[in-house]
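Next come two complexes, and both contain subunit A; in the first it sits with subunit B, in the second with subunit C.
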Partner chain A sequence: MSDPRARPDWEAVSLRLVFGLLAAVALIFLVAPTLVILITSFTDSESLRFPPTGFSLRWYEALLDADQMQRAAWNSLQIAVCTTLLCVLLGTPASIAMARSRHPWIRACDVLFMSPLLLPALAFGFAGLIFVNQMGFRPSVTFLVLGHTIVCVPFVLRTTIAAMTQLDPALLDASRSLGASEWTTFRRVTLPLIAKGIAAGAFLAFMASFDNVPVSLFLADERTEVLPIHLWQQIESNLDVRTAAASGVIVMLTLGLMIIAERTAGLTRQMR
Partner chain B sequence: MSTASTTRLTLPLTALFAVCFVAPLCVLVALSLAAGPDGGVATIGHYAAFVGDRFNASILFDTLWLGVKATLVCLLFGFPVAWICARAHVRWQSVLIFLVVLPILTSVVVRTFSWIVILGRHGLLNQIVLGLGLADEPLRLLYSEAGVIIVLAQVQMPLMVLPILTVLSRIDSNLFDASQALGAGQWRTLWRVAVPLSMPGIIAGCILTYAASITAFVTQTLIGGARLIYMPLFIYQQAVGANNWPFAAAISVIFMVAVLVVVAVLNGFGRRFEKHV
Partner chain C sequence: MESRRGHELHLAGITQRFGDYVAVRDIDLKIGAGELVALLGPSGCGKSTLLRIISGFMPQTEGKVFFDGEAVDHLPPNKRGVGIVFQNYALFPHMTIRQNIAYGLEVQRVPAARLKTRVDEMLDLVHMGEFAERYPRQLSGGQQQRIALARCLAVDPKILLLDEPFGALDKNLRLDMQIEVKRLQREYGITTVLVTHDQEEALSMADRVAVMSRGRIEQIASPTDIYDRPETLFVNQFVGSTNVLPGIAGEMAGAGQQVTLACGERIALAEGSRLATGAQVQVSIRPEHLTLQTAPLDNAITGVIKAVMPLGPQVLYDIAVGDGTDIKVSVPRKRGDEFLLSGTRIFAAPVPPAGYRAFPV
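Moving on to the complex of A and B:
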């Protein structure tokens, strides 16, 4: 394909140079913040200077006494688990239908279910607060989980629909013609084949719920304070180094979970 | 499976969306039209108040414009990343995608916090800039719009890279070879073949990045500080700080409609482009 004559292909060289440079800058910018916060969290000083003058585990030890932060983390974890379960339970059947049918109703569903990705989540959170209030309730964990489910379910839908479209329909026909019922076909053929897609979606939904601020901002009260909001307030009011340690914990857990998700569900393949 | 039973599978999620998504949004619109705190006669007074005040209108404009800038930066850097990813060896591809995905899964509060450490007056970036002698005094990056754009671009970059990558890796590489065999250089092939063919991915990436950037409350408030007010903070201030729910509802509706208009325009652009190609 390249020109066999000796003339140097300056176009190929310049394209490579420009694209390589842009991509390199982008990748450095993508990875640097994670590394910086991880290194900073091991500082031995009271300030957030980077690079730290010395290293210690003192701020991680301080986390052990941070009751409020621990409570917030526990709340976030419970809410994220409930949200993920709800997303998978409601999202999987919907994805199966959405991957199979081009019915106008299904198309309408597609637009509706994906719209939380585009609409400002903060406006939706505020709408949720007004709604709960006008119904005569107060914000609670239940409403928080329902609100999170709305904004997290698109992740499960996307990966599950993608997995469904790669499923060979002949397998389902074979199962049915061999006498398996609709339910048996689902359980023994469809589900095992799309399980990785569901798992990847569940992982993304979990992370999105655990990290959600715009909806929690309105639907959480003092008793159900969640971790990202607690950290956000800490950063806004005083730059406490304990926040860096908490960030370090979150980064390490995220990395660990990502590696597990990559090994078991092939996360990076499912996200494309 | 029959159409009816297939459709039935969507019912549980549809019910949830009807009660927890559509109903709250309807209540939001209703409240934005309420005259007094207890409802009463419908009025467009809150909308008029927003449009009439130049300060309010400028917040909306700044927010929408911020999204455009962050999206363009994302595109400028994201396309090359997707391009290199699509042509990398399978093993490297996984590593690259892992690096791209890592930030979007790391808590946005944590990432933004890290940027405070990097962008601060004595932060890493200023140490580098001063060390290289590129500036005489520390740059003001934190609490500036430039800072917000840098951080938004980093935070939302995966949303740009992934859709473009999906489309790029589906393009038949023979098309590139054909273009070059016919005498087009690499740049020409990029502009006339690769970019038009990956347009659906570019449009999808732009829509996702744009929608995420303008509503990125955490990044906007922590990096922008209290002086730079964008729509999400404005809604929050009016709703929680000033406790002015009807007005907050009105600006929420305005914000949502503005986002939908931008998305519709981008979508329409994408569709026209597809016809063109």
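Moving on to the complex of A and C:
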């Protein structure tokens, strides 16, 4: 039917054209803002105007002296690390238990744990604040980390459950029949085989915590300022060009981390 | 190395229920040391369930499992010493071949020096030494299966369970692997249960075949007896192919009993049949146990040839008999023979010592 030397198959060509165009548009919308902020961050002027009139690294140098911004970044980093650890410690065992079970209650738990991904995080943050107050506490770093954990744990759950479903139960039976206890089987077979899934989830959870605004807005105490909120305030009050440079740093670090994650854990494969 | 004497396996009154559903029903089975017994049956008849019970992964609802006369029901799978080869081999994908084989020895804390010699020994046994540092995904199906077997035998299991182990192999390789597995099984003298739904596999490999249907063992006997002296119609139909003709049992006539077939024919059964006169029966005769002739034959069914199918070494005739039913007759093909033609009226009779067998309905 389709001899390549015969008339071109217009239907196929137009289909490809349409999909190609759609992909290109999507790509532009995704990448363009990041590119704009990256280019702007190298400006030599005092304003965030695009396109910049000249090139310089002055705003990156200025970051070195931006004490407050650095403190906010350090806070965010610590919170993201703690959150990621908690997500992995709680999410992995939960995923393993949930992946095996078909019980309706377990299905219900799954939906419950996933709900922070669907519900407006702002509402969750606000509810969290009220809850903490009701219990007679004040917002603090502990509650901030707990709040982040709740909204970030779905990432670990999704990727780990996906990895568990890929895991052939016959492997576990084989291990047991060869004389390994359940614990040894977990350590030597299950864990190594789902490690990439956990790692991918941890990466996503880290990123989600690092740039979380809605939960931090409500649950951070006055002394703990996190980076995304700090950047927002800088922009709002004085259109600080250093925020562009900070964004540039974040974009590049993220890109670097993603490349590492892709190389080692096959991040995108784990998310399918 | 420890003694290579096999162990006895005894299943006593094993029943397994899943809710109301009875997957395995009152199975009694004794397997001698070093014997290879095949569990043969259609998919869903409870073969895998029985294996899971033997290996300790599923506590049975009723009954007991004995190894060498000792009950093992309280032992978890990792303490039972049952080796399993799975249909998809279940090699650990994150370990090399060497690590796969060493795994069982490591978790059982075998000292390093002995572990190494044992692994090398197993690699030699299955002729896979040169692949030791590869990963399972780099091996073919047959090679993976050898490794699965080596991994299993490395820890000296008491009982070896093979769950449809050849199902994923293509036909030629399957035969090679069957021979190979049989050789290893003999060499090790290990008591083995082979689960399969492939009758050829069961008949060619097993010392005894247990034919299962809907959770029960229909018959357990040597491959020859299963094929030539099936005790139930199910066994007769499941193992090999057969023609089934309904009829009504009649009087004893000499050695064999008379049966009037629904197609109008009256035939005599093989010796030893003893069915109540007047009972509804199913008469069975295998296609290759019949001979064809245009001249009248003793104890024959008459019919008209509907189709002739030359199948290589055999010629298969499809023959219409009296009441609209068909029978098949398979005749060995000799050089220079002319085929009988469609439309020919013929007589089909059993070739002694084969005969008609009848089963009560």
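In this section, the second predicted complex is superposed on the first by the 264 of 272 C-alpha atoms of A that agree within 3 Å, B and C clash if a C-alpha of one lies under 4 Å from a C-alpha of the other, contacts with A are read in each partner's own complex, and residues count from 1 in each chain.
Keep this in mind: a contact is a pair of C-beta atoms (placed from the backbone, for glycine too) under 8 Å apart; a residue touches a chain by one contact, two chains touch by 3 or more.
This structure is a prediction, so every number in the text was calculated from the model and none was measured.
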item: Joint occupancy of subunit A by subunit B and subunit C, clash or fit; value: fit
item: Touched partner set for A:78, first subunit B, second subunit C, both or neither; value: neither
item: Partner chain(s) touched by A:25 [first = subunit B, second = subunit C, both, neither]; value: first
item: Touching partner for A:106 - first (subunit B), second (subunit C), both, neither; value: first
item: Larger contact residue set on subunit A - subunit B or subunit C; value: B
item: Touched partner set for A:37, first subunit B, second subunit C, both or neither; value: first
item: Partner chain in contact with A:45 - subunit B first, subunit C second, else both or neither; value: neither
item: Subunit C versus subunit B - closest C-alpha approach in the superposed model, Å; value: 9
item: Parts of subunit B lying in touch with subunit A, wherever the complex brings them together; value: 1, 3, 6-10, 12-14, 16-17, 20-25, 27-28, 31, 76-78, 80-81, 83-84, 94, 96-103, 105-118, 120, 122-124, 150, 153-154, 157-158, 162, 165-166, 169, 177, 180-181, 185-188, 190, 207-208, 211, 214-215, 217-218, 221-222, 231-232, 235-236, 239-240, 245, 248-249, 252-253, 255-256, 259-260, 263
item: Touching residues on subunit C, where the partner in the complex is subunit A; value: 55, 57, 76-84, 86, 88, 90, 92-94, 103-104, 107-108, 151-152, 155, 157
item: Subunit C-touching residues of subunit A, taken from the complex the two chains share; value: 168, 170-171, 173-181, 184, 188-189, 192-193
item: Subunit B partner contacts - residues on subunit A that touch it in the complex; value: 1-2, 9, 11-12, 14-15, 18-20, 22-23, 25-27, 29-34, 36-37, 40, 48-50, 89-91, 93-94, 96-98, 100-101, 103, 105-106, 109, 112-113, 115-124, 126-131, 134, 146-147, 149-150, 153, 182, 204, 207, 210-211, 213-214, 217-218, 228, 231-232, 235-236, 239, 243-244, 247, 250-251, 254-255, 258, 262, 267-268, 271-272
